[in-house]
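Take a look at the structures below.
Both complexes shown next keep subunit A, but they swap its partner, so subunit B is in the first and subunit C is in the second.
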Partner chain A sequence: MNIKKELKNAFPVPAPVGRREFLRAHRRRELSTMMLVLTEAGYVRLRTWLSSLGFLAVMLVIASGGEPEAIWVSSSLTPALALMAVAEWGRSRRYGTVELELACRTPRRTALLARMVAVGAAHLGILALAAPVLSAWGEMNVARTGAHLLTPYLLTASLGLDLSRRCRGREGAILCSAVAITVCALGLWIRRAWGGALERTKLWPVALIVALILSVIEVVSTLRETEVLTWS
Partner chain B sequence: MDIEEQYDKIYRYCFFRLRDRSMAEDVTQETFLRWLASDTYRDRDQTLRYLYTVARHLCSDENASVKPEPLSENVPARDGDTVLCMALKTELEGLSDEDRELVMLRFANGVPVNVLAGLYGVSRFTLYRRLRGILKRLRNGLEG
Partner chain C sequence: MELIVRGLCKYYSGKKAVDDVTFRLTEGVNGLLGANGAGKTTLMRMLSGVLRPTAGTVSLDGVDVSSEDYRAVLGYLPQELGYYPDFTGFDFLMYLASLKGLSRSHAKRRATELIELTGLGEAGRKRIRTYSGGMRRRLGIAQALINDPDLLIVDEPTAGLDPGERARFRDLLSELGRHSIVLLSTHIVSDVEQIAGRMLMMSSGRVVFDELWDKGRTDLEELYLKRFGGENV
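Showing the complex of A and B:
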């Protein structure tokens, strides 16, 4: 005997009369995804936006010099940009702003994703603006310049997200900063050690794909962890 | 989320609480009007919790002002009702109001356990334990 199946039919009701008319007459005002992201963007600190724009300005100034090294210097700046994105996520975790947002508007996971999208999209926009300018004054095409800028950014962001999940508070912040500095130094060291040879290889697209995969894995893991925290 | 399906489920819940078709439909529509006026609840579980919480409060308000009638007067027996079904209804009558409501929400309306836990203010584990106890009692009643 399947009692659960029987219970499903154990509470009969007379058919509602005005359901169709009611639902036809009333429609729900949905909070669109764009509105949600824009709302979350409003919670991000002003200094984060200003610093991000500052990075764009610095990249453009470097590009305007017409130096062949400009792309490498700009590329080594992107980890700092990624660090800002990770710090923004760390801040909401540290001060519980995500939880507050959960209580009044959307689920924690949605709020977190919207925040990541807001900051990440702004940073990608900055890199997308810088890439053609650097390419015009440099020696590489736009796609390759974009890959040079995006790879260290994604690498720092993914490692930073991973570390911020493992280490909390001050320790996490220090480790994330160390990762950003390491990636930054690594970029400059690669240029100095293998610069010419590297230009001729297909290493950068491969590095970009690896960084992209790592970023997706880390974002998914972070969102999953958020779900686990909600349950516990 | 299928709004029509949820409308039917909220209506069933309201009917279960109020035992009057017209009042149940009024309260269901009032519940949905409140939800439709809000633009914040996006998550399915959050929406369900919101709908059931509002419906529950509105039903309590109605119950406080109107004396409920017996359920049997408003719900005609269906042609397909089996002996088992009738016995189950008798066993359900033996449950407390809150246990019967819980069974209706979980098994007839299919409300997720985490939503019910939020609605009743208990942990999921407590709710699972309580549901297991109720099912055991119903099974024993049917077999005994």
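Showing the complex of A and C:
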């Protein structure tokens, strides 16, 4: 008789003990944080990416005109870019998937942060590409051009995040759009009212710092709130 | 495996939605019955970790509900399934699989299997906005199973399914209950009567009935009506 068969018959394989417990204890997240950010980027709506690229194209066209107003017109467009970002970040709330996402293994805070990083980094990239071109055709240096583009973006994003936490659905969308329009109009009005005087002062880094602080506060508040399902 | 719930409470501005609920569940299908407003959905949300209890604890083999390890083995189908209308069914499963920490290849395999298992077939490649209510429910069931959960919590899973689909889903849950803890909340008595090995009933935020159930019994509705005659199941 075959020795292998004989041994098999003599010593039957015992039934697995604690197999499921062992497998559970060794279930690791298969997705790294970097992969999560890339995955989130992959699920951002195509129209958001296309519109963002469209904004870059428009800014470049405006810059190529060589008009001194180009930077002000371009910076008045960035609130619309920020509005798209806020809409993407609030997508789960809008479509009622918060409950599902909260029950997933990846903490919702991490998932939302990944989404913010994916969209925010892309938008920063767009502004970073536009700034040197606008600077080259205009009268301001790159840092100042960057600040002019970034400040209204951050201001709209932070106010939009705040509003979207307080107001839901259509009301929230309308208010966020109103904020974007207000910031856009404010930029143009400041230019018309105090344009020359403002450019001679050192107020622009102060405005950027204020917008940055507001953004950090709002991002932290938004991430904090994701931990709990707010329920009526 | 053991799910232990101790002294679980949820209060909303003075109102007791869930009041001092305590029970233990093991592998198998466990039915949860109760009238509208009895506190079933609030309880399910707390067991799924999406709602923080006012007091009490929930643990699965000693792992607390708030930990990532608990959610790693959890499958949850809420009463109202939110979805991204522009996603296809397949994309939606892939997206939730990524949040559940599954690698792309693993997620793809599971999503394909589950689209077939839930009978979505070709519709898996269509946008969710084109789905009927029943198809969306089946997609919800598929997403709850994507990580091969040890603890499956399903809230009114058969709402919107036709009788054939309901029977198929009952068989699926019965099969899953062989090696997982399944908690099924429903108001349709026939959904749980033949597959649940344990029956819980809730009324006014409290578990008022918690007993092993003989799957051969056919008097669940009668029993319920006897106990809570005035309430709608």
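Just so it is clear, the second predicted complex is superposed on the first by the 189 of 232 C-alpha atoms of A that agree within 3 Å, B and C clash if a C-alpha of one lies under 4 Å from a C-alpha of the other, contacts with A are read in each partner's own complex, and residues count from 1 in each chain.
The rule we apply is simple: a residue touches a chain if its C-beta (ideal position, glycine included) is under 8 Å from a C-beta of that chain, and two chains touch if they have at least 3 such contacts.
This one's a predicted model, so the numbers in the text were calculated from it and none came from an experiment.
In the superposition on chain A, A:17 makes contact with subunit B only, not with subunit C. Of the two partner chains placed by the overlay, neither subunit B nor subunit C lies in contact with A:194. Of the two partner chains placed by superposition, subunit B and subunit C are both touched by A:36. When the two complexes are overlaid on their common chain A, residue A:45 makes contact with subunit C while staying clear of subunit B.
By the touch criterion stated above, A:91 is placed in contact with subunit C alone, subunit B being left untouched.
Common to the subunit B and subunit C contact sets on subunit A are residues 27-31, 36, 104-107. By the touch criterion stated above, subunit A contacts subunit C in their complex at residues 20-21, 24, 27-31, 36, 39-40, 43, 45, 91-92, 95-107, 111, 228-229, 231.
Interface of subunit A with subunit B (complex): residues 1, 3-4, 6-14, 16-19, 22-23, 26-31, 36, 104-107, 110. Subunit C contributes residues 1, 12, 45, 48-52, 61, 68, 71-74, 76, 78, 80-87, 91, 95-96, 98-104, 106, 143, 147, 150, 179 to its touches with subunit A in the complex. Residues 3-4, 7-8, 11-12, 15-16, 21, 24-25, 28-29, 32-33, 35-37, 39-40, 42-43, 45-46, 74-75, 78, 84-85, 88-89, 92, 103-104, 107-108, 135, 138-139, 142 of subunit B are the ones that touch subunit A when the two sit in their complex.
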